[in-house]
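Alright, structures below, take your time with them.
Consider the two complexes below, in which subunit A is the common component and subunit B and subunit C are the respective partners.
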Partner chain A sequence: MTDEEAENISRVEELAYEIKISEVMNASTITLTPDMHMSEVVEIFRKNRISGAPVLSSTGNLVGILSMEDLIRCLIDSDLKASINKYMTTKLITVLNTDPLVEALKKFVATNYGRLLVVDKEQKLAGIITKGDINRGLLSALEYDFQTEEVKKYRASHLFDDIESNRTSLILRYQIKQGDFTHGGQASSNIKRALIRLGASKQIARRCGIAVYEAEMNLIIHTTEGGAMRVEIETNQITIDAYDSGPGIKDVQLALKAGFSTANESVREMGFGAGMGLINISRCVDQMKLDSVYGKGTRLKMRLFLDHDHSNSGLEIDSEERN
Partner chain B sequence: MNILELISIVNGKVLISNFDSNVEILGGCGADLMSDVLASIEPGAVLLTGLCNPQVIRTALMADVAAVVLVRGKKPPEATITLAQEEGIPLITSPLGMFELCGRLHRAGLPSLEKEVGSHQVCGCE
Partner chain C sequence: MNNLAQIIQDLDLNLLTEQKDFSDIQIPAGYTSDLLSCVIAGAPSQGVWVTIQAHLNIIAVAALLELNAIIITEGALPDDATIAKANEEGISLFNTKRNSFWVVGKLWELGINAE
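This part shows the complex of A and B:
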């Protein structure tokens, strides 16, 4: 079994509980009456290409089911003139139309029947469900579902639970091009989406999103050759590293001051370069460290704690410069 | 405030083809500096701005902005519209100016979702 199949199976199982029998059953069922002749059944089955049909009394009550097997028994007896009454099965296996698919699946497994009668609360016939109906229903739900965020989230959120180690982490890496304002923020969007899929809270995703976005824009605006971002996700913390190879920051303390910016006019026109980036980052993360060597490059380390013991306590802004 | 109500108050034109018309707008924020937006806005707000580049949408995504209104009839570049479309951020253009828009929305009962400077030791994500 491939991993993909394994993932799909768990989703199929979920769907079997989510989808109602009424959603996939065939409601426009061809029905028979007890007084019809078996010879008519042959015609009805042939014309409609079916191999069984429920039998309703004149008052519309469900009284039996006639299957191909019953018809064969009748043919063996050469008894086509007999009425349906004589050959129909009166021991009925029914499922409720409001039940989830899994109820039908259980009965299919237990009985080995090809079709089940679906009834409503009043035990009136609501339709018929076959194994084929279930497959079709599940497949179309899967197909629809496959694209949606929910499934992606469902799969990803299990990642950390499913893997056992002393310390599990997921590392995302992004290359950021200098001056690429058109794609600026793309990495941050992807990081935020990944966190949501992994099951992070909205608040954490938002704090992390804002911090990495400011860091990403810094790499786009201020570097000579762009840079990279590395996001390490663990169950208890998110560690982000944004680094570049130049030009480095001349005065780190000054760079950390609100309103100080070296950005040019074109960057300001884009809505950035107000000297608030690093301040914003420090508000969103639990730990931040800015390390820069002028002429060599800059490394901004950020950390968010996911367990409540740490959150928002003791913000450390640490910086150093070496000449 | 429902987003359709907002669109009618701002005489707005929606620039993306499909958005969720059930979106609730919790408040407003007006700014042209994206860092100001990122620093001050709380989730669920409409962002009024004169800035049209794709960074507006990126900012909206990061800060959980519910809708973006471009002031003074600004026509954004195609890249901005495409991104808004992809990410499902309602992008609206209004012929009215920033002051008029803020006034109208405030009068209609929409509160400010901008935090004051100094009121936030940590980013407003709680």
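This part shows the complex of A and C:
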């Protein structure tokens, strides 16, 4: 494998390296013995709906494999009375049961065979693997990945139903470091995932994700010491609180204007500082309140209503500055 | 609607993230801007985003909006962390020597329009 190929490994390919042949092979294989008649093979193949089987000696050693093709050769010769010995293939293509699936895949590609014999360390037959077994193995592994997420989603979505109180809420808190662009968007991504797991609609998760992202980036870009995000999820509303301890906004009304930004050159080069952050937030939430004291800090409160009564209520922006 | 395989071929894009069955990925619409807040406001879900920005935060934005692909223009090259993050989020990253205007023009010719 070249370096370039190694870089392009998808999840399925990853699984081909993770899953062992023994996990997907068929271990309860029907086996033949060399002295059986070919006529018996016809019956065994038909009854078990198989098109090939390994041949084991009386001591249990793997000595050959008999496939449909061998049987056809025998039928053409009208030689059904012959023993398996005469028609079986003795050139054996085997894979180790402890090898990853990818080893079997390579041999399938190289040989064009429909099935491979699986052996253990002592070269004893452990089972048989077909291309179908590999597909099934990969599919169930992918399904497992999917189900694990579904289970998490199911458990979380029942959280609010299972707990009785006059007012239940789930509070998520995130510390955001100043200048930490490497983790920029992590809080919003986590919150978005949490909302989906809790059963929120994609629309709500997206709106909330955008609002949190912009608030999160504001804490990273504009604060002196970073800040914190507090997201309170209730069955009827989501309340997001982003606050920091400085430097505060000089002119709150100006900060709320589209296109106004105080971001420095290096931050602008990264595409931030469009002066659209608070505007984006206002598009995504039902209520927002920006409260800032220059020299002290800023608090941005946002609220999304989840019940439909509020969906057309229009945005209420409320802002304050105290000097 | 166009699939991503067609776009990669016609625009001769250089794939930076892992190989996928791109013929299975449909691109409904596109967007271009280098200002992240504008992208957040305007980029269509499942769409393609054309930008010269190549730093890690473009992935956070694309993940937030559930974009399928980002085309980085004028030969800008993201670092390994950005590529790794894109793989993790399932977003396909491409780059090209061409500029954004050329790329968008080509996309439009292919029938990828603004939302």
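One rule holds for everything that comes next: the second predicted complex is superposed on the first by the 175 of 323 C-alpha atoms of A that agree within 3 Å, B and C clash if a C-alpha of one lies under 4 Å from a C-alpha of the other, contacts with A are read in each partner's own complex, and residues count from 1 in each chain.
Rule of thumb we're sticking to: a contact is a pair of C-beta atoms (placed from the backbone, for glycine too) under 8 Å apart; a residue touches a chain by one contact, two chains touch by 3 or more.
Not measured: the values here are computed from a predicted model.
**Q** Quick check on the superposition: with subunit A as the shared anchor, is it clash or fit for subunit B versus subunit C?
**A** On the superposed model, which is not a single observed complex, subunit B and subunit C clash.
**Q** Does subunit B (first) or subunit C (second) touch A:G226, or do both, or does neither?
**A** Neither subunit B nor subunit C is touched by A:G226.
**Q** Once the shared chain is lined up, is A:G246 touching subunit B (first), subunit C (second), both, or neither of them?
**A** neither
**Q** So in the superposed three-chain picture, is A:I210 touching just subunit B, just subunit C, both, or none of them (first/second/both/neither)?
**A** Both partners, subunit B and subunit C.
**Q** Let me test your reading of the model: by the given contact rule, A:G277 touches which partner, first (subunit B), second (subunit C), both or neither?
**A** both
**Q** Which of the two partners, first being subunit B and second being subunit C, lies in contact with A:P34: first, second, both, or neither?
**A** After superposition on chain A, A:P34 lies in contact with neither partner.
**Q** Taking the superposition as given, does A:G184 touch the first partner, subunit B, the second, subunit C, both, or neither?
**A** It touches subunit B and subunit C both.
**Q** What is the contact status of A:G114 with respect to subunit B (first) and subunit C (second): first, second, both, or neither?
**A** neither
**Q** Look at A:K192 in the shared chain and tell me whether it touches subunit B only, subunit C only, both, or neither; answer first, second, both or neither.
**A** A:K192: touches subunit B and subunit C.
**Q** Please write out, lowest number first, the residues of subunit A touched by both subunit B and subunit C across the two complexes.
**A** On subunit A, the overlap between the subunit B and subunit C contacts is residues 181-182, 184-186, 188-189, 192, 206, 209-210, 213-214, 217, 270-272, 274, 276-277, 279-280, 283.
**Q** Which subunit A residues qualify as touching subunit C in the complex?
**A** Within the complex, subunit A contacts subunit C at residues 7-10, 181-182, 184-186, 188-189, 192, 206, 209-210, 213-214, 217, 270-277, 279-280, 283.
**Q** Can you list the residues on subunit C that touch subunit A in the complex?
**A** 15, 18-20, 34-41, 45, 51, 53, 55-61, 63-66, 81
**Q** Mind pulling up the subunit A residues that touch subunit B in the complex?
**A** Of all residues in subunit A, those touching subunit B are 181-182, 184-186, 188-189, 192, 202-204, 206-207, 209-210, 213-214, 217, 270-272, 274, 276-277, 279-280, 283-284, 312, 315.
**Q** Could you pull out which subunit B residues touch subunit A in their complex?
**A** Residues of subunit B touching subunit A: 32-36, 38-39, 43, 49, 51, 53-56, 58-59, 61-64, 79, 87, 120-123, 125-126.
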